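Take a look at this one; I'll ask things after.
So that you can tell them apart, the chains are marked A, B and C in the order they are listed, and the count of residues begins at 1 in each.
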Amino acid sequence: MSDNNIPLLEVRNVKKDFFGNVVLKDINFTLKEGEILGLVGENGAGKSTLMKILFGMKEITETGGYEGSILLNGKEVKFKSSFDALNAGFGMVHQEFSLIPEFTATENIVLNRESVKYSFASELYGDRLNTLDREDMRKRAVEAIKKLQVNLDENMSVSQMPVGYKQFTEISRELSRDGMKILILDEPTAVLTENEAESLLQAMKRLKAHGIAIIFITHRLQEIIDVCDKIIVMRDGKIVEDMKNENINIRQIAKAMVGREVSQVQNENSAQVSNNFSEDETILEVKNLWVDMPGEIVHDVNLKVKRGEILGIAGLAGQGKIGIPNGIMGLFNAGGEVIFNGKKLPHNNPKECIKNGLAFVSEDRRGVGLLLDESLEWNVSFGAMQAQNRFLKKICGIIKWRDKADIKKTTERCIQALQIKCTSSKQKARELSGGNQQKICLAKAFVLKPKLLFVSEATRGIDIGAKALVLDALKKYNKESGVTIVMVSSELEELRSVCSRIAVVTDGKVAGILPSSSSSDEFGLLMVAGHEAKEAV
Amino acid sequence: MPKMSSSKALFNFSNKVFRRRFIIRTVVAVLIIVLGIVMFFIGKNHIVHLSNIKTTIDGVEYKPVDNISVKFDKNKTFTSYADFSDEVSAVGSKHSLRVEYNGNVYEKKFKIPHSYRNVIISLPVFIKDTDNVDKWLTQINDVVVDDSSDEEMSETGEFDM
Amino acid sequence: MSFKTKMNNFFKGVKDKCVSLFKSSKTKVLKKPTLNGTKELLIKNIVPIMFIVIGIIGVYFSKFSAATIVNEMLTRLARNSFLVISLLIPIMAGMGLNFGMTLGAMAGQIGLILITDWGIVGIPGIILAAIISTPISILLGWWCGMILNKAKGREMVTSYIIGFFVNGVYQLVVLFMMGVIIPIKSEILLPRGHGVRNMVNLQGIRKSLDNLIPLRIGTVNIPVAAFILIALLCFFIIWFRKTKLGQDMRAVSSDMEVARASGINVEKTRVLSIIISTVLAGYGMIVYLQNMGTLNTYNSHMQIGMFSAAALLVGGASVAKANIRNVFLGVILFHLMFYVAPYAGKNLIGEAQLGEYFRVFVSYGVITIALVIYEVSKRRENRIEATLLRESTEGEKNA
């Protein structure tokens, strides 16, 4: 019987920085046996990093480790690898399934820990030549599944399982380890249906009876309230709330998650911005949009964009906001209806979109946005050249030739306007810094003279100074040319400083559209699973 | 007292399992090598010419003997005529030769040295001096060379499966 | 209808089948995820079906008697199966078709060259050759496996090129070192003093295995010992699949990263699969050559890889999945076509040469088709999976 005073897990003063960039500070909390701890926070709050530290993953060990200490049952532990963590009694179920698709549930549950029967061959070449004892394997698997009490057929092949059952298989795998004491579940319900999520929550409660402590990371606040004993809210690398789950409601949690004071200046900005467009004209209408983008699945998005406005699209990671522009522009398989300026746009056809006056600055700068090994001139002019036949002159009326002078002039104008730091317009795009590369992507989009510009994660990975510049450039562009801009960003503050309205995308749908002057909790509520927000209000 | 980390050594004889496996693997390896050597000896092929031709050894002339019945190893008994030589294949080292002439039987079990490839057994000498193996068993030193002139590699002869 | 029109229609039918396969993968995916049962079966097994058809046509036109065909097929089964089976294990480990089996073939050949030179004959000769080839195969297989680990995703092409490279080394050994550094004294040495002859007569071991336990039913000869050996190999493969190592290989082939995360030494497992395959290929080459009776010193091993792979694919195997049934079916179908084509060609047109060309065309063609079909169906499956996944989550969420 363990001493009730010494917690199973104690985290003391943990700090972590990645080469000077501090991502975690002053992390202190405890976890008792059989306790379920709910961990919430926006993306970038530091949850995943904290879990990686607990689990001894190499992203932590290879980047200078961490400061502070982790104690298990009062004794300090230092994990050099995930296997150390596993041996100490940790189990982790990641969001991306770590399952062998062609194996059955049983085989996955005991993966690399299979029961074996002795065979003489192992004397000749080692333990791996022992034969599998499938009956014993099945027994162990069934035992683990029983702890969860779900209806999982141990002989079913993983590739044929619905997503929820894959999740259960993963958890069973952790449970089948001897001495497993702490189970970390990283957004397990994100891919589950309501029924499956319910089963999972019930199963988690049953695990408590076995003395297993659980750290439960999720965005669905209702679930936190349903099962957790303790709730920890993280924001900007710190723990902002550490409370017992007694008489807590969703609003409180959401506010703690998102809550920052909106500054005076930003309020003024939003007021200014809202005067720039006519209330009535819809330039882009999206109906029942679905997008098959791995990691950002969009189910059923309905949206109306007003001509001349800067519309923001916010939402937590993986909820679908990035899928929207990618789907509309045809980069990923999509369906539904997209009507631009009264004309129906074809799907999966980027060229048509560009021809019709749409442009897209992708969040994948290096992959989609730039020709890294080509010069800035090429990068700036390429899109327009391909889709709109610009920068070309005809020789003898037939052969299309690149108009080098025009290209050079245009590129240099962009470099000046956006203050791009480079050696010349002929420098290779690969050599520029992240911020300047982003500006080139913007320049390329501007050169297309679009009527509507999608910008996805415009300031990701850019330092503060460049951030302001990029946002200013967008604002200026919108003001001067009346171009409609749809901005997708994971930074709510950034959107609030530039946009007039912000749509929040959760679970692949638009949860709601708010004016950017709305309070943080209102946004927070929409982000954490739309249908629950209606309940809370 | 500091704990000795015995798992780091390559040959960890203190570990019972390792000891057992080391012995088994060594025994198996030795067995295979022994098998190879045994195969090497029992599979050696000698081409034996049972010659019934006049031959002179140390000044003594041995005349060919006509119409003798010869049995080499387990092959079928055949008749050897004067001035003829018959070729047989002799695999391994232990062999036997049985000759019937004029109602007399001459038999000898003998060994062909391993390195001999082509061998002549002179039947007349065998009959006269059966027990003196070295007298009637000689090695031919010259290697019979094929005349096919294929010095260069031929072009990729596809599909000679 | 003349022969020409007949052939035209036949090829047209094949072409239509292929075209419909490609078409269906583009348009049908999102609307109708699964084709109906028999059509699906047909497409999945299109290569063996094609070959059965070609085989039947060929047999008919070659005018061979049933006994001849059966005899010939038995011989070829006994001769080639061992080699084709050696390809199974790398496929199990996700390495694709191991064209590096030529390395094993070369090791086997070196064993045979040596025993021929030493004059060791019969079963002892074969056993000795196998013993000699084993360490060479292990070394070559280990080296090949290490390189393939650095070329993950491109194993097949890499192993093909490795085969060519080691062929060069082999020629260096056999053409220059033998006679000089490696003592060769018998007549297999070229008159100039170094280098082994083009054709080495394997008289000593010719049919030793085949005739070990002879069985004759009517006019048909059955090489019982060879089949027993092949049966033993099959049992080995079946047993191997049940071992932990076999399970690890299956895990590695399915998802390398997941296997690695669970603690399986992915690199070592992959190398082991190549080593085993190479050693088996060495033995298989010895079985093959004892049946042929002659060693084509500089060429035999090069074609072996291609033909064994082709035979396996013809048997319905794919680059990711192959079992023992595929081996036997493939050897029979492939070699049936092989054997019958020149004769059919001669009887049909008067030109045996056409049959020869047909052989070449079909051998390389079948590998191409099988690889393309594999890619296409894999993509089709992925798309179906994605759609089903989305539909199921959507459906349940809306429920």
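Some observations on this one:
To be clear about the criterion, a residue touches a chain if its C-beta (ideal position, glycine included) is under 8 Å from a C-beta of that chain, and two chains touch if they have at least 3 such contacts.
Keep in mind the model is a prediction, meaning the values are calculated, not measured.
Of all the chains shown, the one with its CA centroid nearest the global CA centroid is C. Taking the mean of C-alpha positions as each chain's centre, the chain lying farthest from the centre of subunit A is B. Contact count check for B-C and A-B (C-beta pairs in contact): higher for B-C.
Here the CA centre of subunit A is 46 Å from the CA centre of subunit C.
Averaging Cα coordinates per chain places subunit B and subunit C 37 Å apart.
The distance from the centre of subunit A to the centre of subunit B, each centre being the mean of the chain's C-alpha atoms, comes to 77 Å.
Shared contact sites, meaning residues of subunit A that touch two or more other chains, are absent.
For subunit C in complex with subunit B, the touching residues are 115, 118-125, 127-128, 131-132, 175, 185-187, 190-192, 197-199, 204, 296, 298-299, 302-303, 307, 338, 356, 359-360. Of all residues in subunit C, those touching subunit A in their complex are 239, 242-245, 247-248, 250-251, 254-255, 258-259, 261-264, 385-387, 389-390, 392-394, 396-397, 399. Residues of subunit B touching subunit A in their complex: 20-21, 24-25, 28. Subunit B meets subunit C in the complex at residues 32, 35-36, 38-40, 42-46, 89, 91, 117, 143-146, 148, 150-151, 153-154, 156-161. For subunit A in complex with subunit C, the residues that touch the partner chain are 82-83, 98-103, 107, 111-112, 114, 116, 119, 121, 127-132, 159, 162-163, 191, 193-196, 290, 292, 297, 299, 507.
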